[in-house]
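Common to both upcoming complexes is subunit A, partnered first by subunit B, then by subunit C.
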Partner chain A sequence: MSEDEKKPKNPSRRAFLKSTGGAAAIAGIALGGLAVNPKETAAALNPMPKKWDETYDVVIIGSGFAGLAAAIEAKNAGATVTVIEKMFVHGGNSIINGGDFSAAGTKMQKEAGIQDSADIMYNDMMKTGLYLNHPGLAKTVAEQSNSALEWCQSLGARFAKVGFHGGHSVKRAHQTINASGSEVVNKLFDKVNALGIKVQTRTKLVRFVSDKGGRIVGIEVRTGYKFPDEKSGKTAYIKARKAVVLTSGGFSQDLALRQIEDPRLTDKFGSTNQPGATGEALLAACMAGAMDLQMDWIQLGPWTSPDEKGFGHVPLFCERLVGYGPMINPKTGKRFFKETGNRKERADAIILIGNPVIIMGDSYAVPKQVFPNALQKGMEAGAIKKFDTLEDLAKNYNIPFEAFTAEIAKWNSFVEKKKDADLDCMIFQDAKPTVTPPFYAARLWPKVHHTMGGLVIDNNAQVMGFDLKPVKGLYAAGEVSGGVHGAVRLGGVAMADCIVFGRIAGKNAAKEKSQI
Partner chain B sequence: MKMTEKDKRVFETAQQARIHTPLCLLVLILTLGIAMTSVAAPKKMATSQPENCALCHGKEKALPAGHNDIKKMNYEGCKKCHIDTLRLGGKLPGGHIHQLSGVSCEKCHGKVKKQTEVPMKQCVTCHNPEKLKEKTAKVKPENPHTSPHYGTGLDCNACHRQHGKSENFCAQCHKFNFVVP
Partner chain C sequence: MSEDEKKPKNPSRRAFLKSTGGAAAIAGIALGGLAVNPKETAAALNPMPKKWDETYDVVIIGSGFAGLAAAIEAKNAGATVTVIEKMFVHGGNSIINGGDFSAAGTKMQKEAGIQDSADIMYNDMMKTGLYLNHPGLAKTVAEQSNSALEWCQSLGARFAKVGFHGGHSVKRAHQTINASGSEVVNKLFDKVNALGIKVQTRTKLVRFVSDKGGRIVGIEVRTGYKFPDEKSGKTAYIKARKAVVLTSGGFSQDLALRQIEDPRLTDKFGSTNQPGATGEALLAACMAGAMDLQMDWIQLGPWTSPDEKGFGHVPLFCERLVGYGPMINPKTGKRFFKETGNRKERADAIILIGNPVIIMGDSYAVPKQVFPNALQKGMEAGAIKKFDTLEDLAKNYNIPFEAFTAEIAKWNSFVEKKKDADLDCMIFQDAKPTVTPPFYAARLWPKVHHTMGGLVIDNNAQVMGFDLKPVKGLYAAGEVSGGVHGAVRLGGVAMADCIVFGRIAGKNAAKEKSQI
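Up next is the complex of A and B:
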């Protein structure tokens, strides 16, 4: 082993980008007909460590919904398991998510009189995804969403009610009792601990280790890593006798990578994600021969506020009000887009206007629809405001009053008829005209929320390579994978995706033949 | 060694100075000056005592000129003067406050040759998370010792540093202006 190989390379972004370019070039050569297998080349570039510091059957990267679900299923199938997490705490984006779990044909839906099925959910996903979804993956999520929800409930996760998200044709977002994904993450985490699975925080993936045939046999990590200091921590090697499961999430916070894929997404746009939502693990998989897809479909949330940091409280206000209250462009005083439209349509419409817009509701809709804690916190943060009259509201946001009142009167007539003749907003049966003071309103400006693209997986969560064959020993689930959502992910389907494919990945990883 | 914000600024200025040659010498002197002071970072001595600044800080003056003699002083003694705007919480590294309160290095690190990071389970032997949650229940805008994400289980080390500046971990995503001791 040369001196160069012994030293762990500093995984700087530039090095990564250079190497991915290299990997793509190698893939190009392979497709060009030369007898070079990209995975073998990857193996040649990634030397085998002299000794492994730790060995498990299944090694899981990431501790969000997908990683923890995979860990539990792999352990239950008899495998020895560890979970590594680069950040200081477990949970990734999942522990800060809004706690909406989209599932079809559930007991809670039946109790609420909602008619739904896996087929309807699948059709919603495909339609909103512009039919770019990989049908098998979307179908798997829709069909197993109910059993995934029940599985979480069996582990103690509690759900309070079924709500609506733009783009769905029925109410199917099952909200956790605390309106946070933490309810599910922490119940899974308790189970992981009860099963004796070691979760190693501050442990960052550096690269995958492949054998000569290109099979993933382990990983190089840095232990004691202090995000975002790339020089922190010590090199260690973890062997995976059966498989590695990559559940490292998306790259919404990765300014460099997201601008490569979508150059519009400069620092002008904030993100709802935790700061560790960067793409280096995904790129490391590509360097080990895994293929990526649809990386430039990056979703912005149209319901975030410029008046608070991160995800904040306004999304929980906005999404409960669409179909009950109007969304107004303060420049014109008029509605401008279908409130119940999907995320992409709505975010694009706001970006086109070029300034923040208003979502509003009255004292019938808001107390009925909005989680009380979200309303209170949003108001304390100054992101949600309360007004005694429509005039006060208009004055505060500099809305031309006459046009505004005429628009509200028109909206109210649509609500009476339950039919929006202007923009075809879905108006719910229990919606009432916006007339009861005080009125509540918040400003909206999109933030980068979800990266639909990612690694190519099959219906078994098996990662596919640039040679269009499986990258043996590598599974992926959740936001790091691509294809489930196509062009646009529907609200609440991330939780379903992560739990469904996390479980599939964990089970299949445990089934692999042990490579001793 | 990690660059401090100040180092970074000086470094960036130095970069620009490549173009502005006349400034170069001045910047070089400044850079050297700062580099030299950072050499004198305090040593972490297992045998450290609160009243013996020199043991860790060497010749560097740890206290401002004219500061009261701190011999035999404990944290309660410090707090006689350090109230309101002079308060030490959030300014003096936590390790010092522990020392001044009679908690020596080895009480947390144990009697070991090479001291390692102290895990949360050690902190909670004195600082009960449930009691901390009650104690800070009225802090605005949120109670820092509980959250919908982690309950009372968030690792103390996420915010509280004993040998460096503490961090407002929540501020990664929230607008909470906590002063973290």
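Up next is the complex of A and C:
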């Protein structure tokens, strides 16, 4: 034991604990010595407070899919657990997501006659991810996607049908009965409550607390925090005897951070995410020595509408229609990109055009494909419109009518042959020509949807540091982690990622040796 | 002043300073208190040592273009300066680079009748960078490229001709008289010596030292370091009264780091860089709170040869020939991608083919375009070959002869029209059909060449931290910084970037208020 460890607690520390922080507190840091390993040096600066306000085996930051899954698994493995959430309500971005869970080789797929496997899903993820995915992470998600789906079902989550998302080889998006992630969040939250796990809302992470070896042993938080008032709430310390699990989500709403990584993403682009989807918890982990990767891959949803706020209803309209109806540039009246292309391809194509485009379908495709509630709400919001004739539709969007009708005729000939000779759109076997009135259409303009980059994790959800070694006591899962999706995340794989790695993180956190 | 600042130096610190580091030293850290701001917390952990072995106003890490330019400017601004370099010799990767300095609106361009401007160069950088470039940084490089070139010339650096690199709109690569960056490094180094600046080789950065406010005030190094023996050398501390300038280069040779950011880049891909082009100094800055960005954009040179080591001579052969001679896939005998495409496009196209390809030229194009020394050395290395007939060339590379001669005939017809109807290669006005024997050819297979990502800097070369605020006392320039090039760096812009931002960093470091 060194001299420092033996010496009594110094007075300035007590003085600090009474303060609410600020410059006076900074001056309280002792300059006790030097260390050679920069990682241990940096992390060791965050010492244990004199008094922990609360103590658990596992402390989870964030209450979306990943956080709730981690909480359940950690508790089931025998750990005491708490979940903190900075917002007023639990659920994070998960509770407002579209409710599509991509999984391969499932019972529902078999019943629908869909041939699929973890290998096919893995290959789709890698190809779309431009092979920047960490192969072990992508493989883990693909291989465990079915068991993760079944686990959600075992907790009561209900799924209605298997749909398609661009970039996948087959239909594998298992849509919840209410076309919302809330169906899964609610069932996970019920289980969390049944297990007696305390979910502390309005509790915001300020920084990680490390022991002298650089191990994360707890967190400093603001309780009673009122988003987005950074001065609200008061300081408290929560000890994690075993580990902290970071499941704080992405940073699609973080204008400053997203513009550092991709300067194009100014406020001209909205976001589909809830307002709390900011990056301060991710950055706090970096300040504690955790390494980030591939942060510049920020996904724009190509299926959002400028005619409604946030995620809205049009994405559910658009994504169910691709492969059944054409996407048209109103300036030319022509198609411009394959409707079943992946998210990045389509968003880039729309941004290149520079004006909103149209997705449309007829009265065969729309009732068959689109969830009635999404259609109704999209129409109520004025973002989806119904037209008795193609002429009316063209007139409404200022589409040159002759070019448009010629293009629809061509599209219909492709649908008959089930082969798109122009743009190689995947046309589904049950698709029919777009001829049956009334016609439905919505405008599309990309919004920031998902941040693929994040903390470096291994297959055990263990976070890695800038010294290329584990940050002990720190796990991460879901959108705050990076490497699963590579350059481009496929639709519905976020849910699979969050549940698969949330469960892994929770189990492994609970297995850590307890730090007294 | 806090209690901690007043208390006497503790014994463990002295004990530590005698040690050469390791676990015993770690135990010497005092747990003096807590701080609220994670950035200041993390940085403040690296306190000043009891004794600084050396003290300068400005301490520069790395002795390539950027480091030497920074040293000269800092010294000219009145600062005392030292440069540390971990390798046995100065010059970093700059001393082995191809010696092409991209600059816009120069005297040499005007003399050659080339219309160019900073705006055109900026637009080329942004377009090729996929608009991920930080606009202010790219603009700074484009606007100051001419004055940076003239500054090098004023120090004696000689440039022979203005050449072309794929992705640029015009010829703007000012090639040094020996087709090597050593011409510029040597002249900068002469000036550094003339100014009495000490360049300390075999001195490796271990970590940054911060004061209590998080300001970088010096560095811990290993002197007498023998690359790559991490246990060699001994600990010393160098104080920077004004600032530290990090110009440590990229991480193309860092297998672990590059695979975290791009898992494809295993040891199956060589590198054009010197072996010391590893990322530990960049990561040490992150451990001290500096933020990184766009780290996954790692450039492969499409013009390297598998038939010689490192950068070799073939890049100078290939890059002078594009727009004059065709690039052929030997498996098919056909061209496969526009020869004047940017680096990423061409490297991706070759990787997709999966085997080395051929670049070739005839006895009109080669003597006209290729630097004689590069041609001779490439031939001596066996990487560039000469053939009396196209038949001999085809036989040597197992190219199907009929397809090949048909393709050459087509290429020649494009050259006559100065328009490539197949692949849209830019064909220069003085190009002639490839018909004059003997013919020259070389095989191409990509090598890791440049890492576009790095530390976040502003237009003043000031490093930004994970708290989105400046890391006081820390500047960065050249390849260790990110944001100038975005997704893809254009040929020759590295030299412009290093000299422009090296100068800016040196000037601004010298302007900092001295910390006593």
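Some notes on this structure:
We take it that the second predicted complex is superposed on the first by the 476 of 516 C-alpha atoms of A that agree within 3 Å, B and C clash if a C-alpha of one lies under 4 Å from a C-alpha of the other, contacts with A are read in each partner's own complex, and residues count from 1 in each chain.
Here, a residue touches a chain if its C-beta (ideal position, glycine included) is under 8 Å from a C-beta of that chain, and two chains touch if they have at least 3 such contacts.
Predicted, not measured: the structure shown is a model, and the values here were computed from it.
In the superposition on chain A, A:89 makes contact with subunit B only, not with subunit C. Shared-chain residue A:206: touches subunit C; no touch with subunit B.
In the superposed model, A:437 makes contact with neither subunit B nor subunit C. Look at A:309: by the touch rule set out above, it reaches subunit B but stays clear of subunit C.
Of the two partner chains placed by the overlay, only subunit B lies in contact with A:381; subunit C stays clear of it.
Look at A:260: by the touch rule set out above, it reaches subunit C but stays clear of subunit B. When the two complexes are overlaid, the chain among subunit B and subunit C that reaches more residues of subunit A is C.
In the superposition on the C-alpha atoms of chain A, no part of subunit A is touched by subunit B in one complex and by subunit C in the other. For subunit B in complex with subunit A, the touching residues are 2, 117, 141, 148-151, 154-155, 157-158, 169, 172-175. On the subunit C side of its complex with subunit A, the touching residues are 1-5, 7, 10-13, 16-17, 21-22, 25-42, 44-49, 131-135, 206-208, 212-213, 220, 235, 256-257, 260-264, 283-284, 286-289, 291-297, 453, 456, 464, 466-468. Residue ranges of subunit A in contact with subunit B, taken from their complex: 88-89, 91, 95-96, 178-180, 182, 186, 224, 229, 274-275, 308-311, 377, 380-381.
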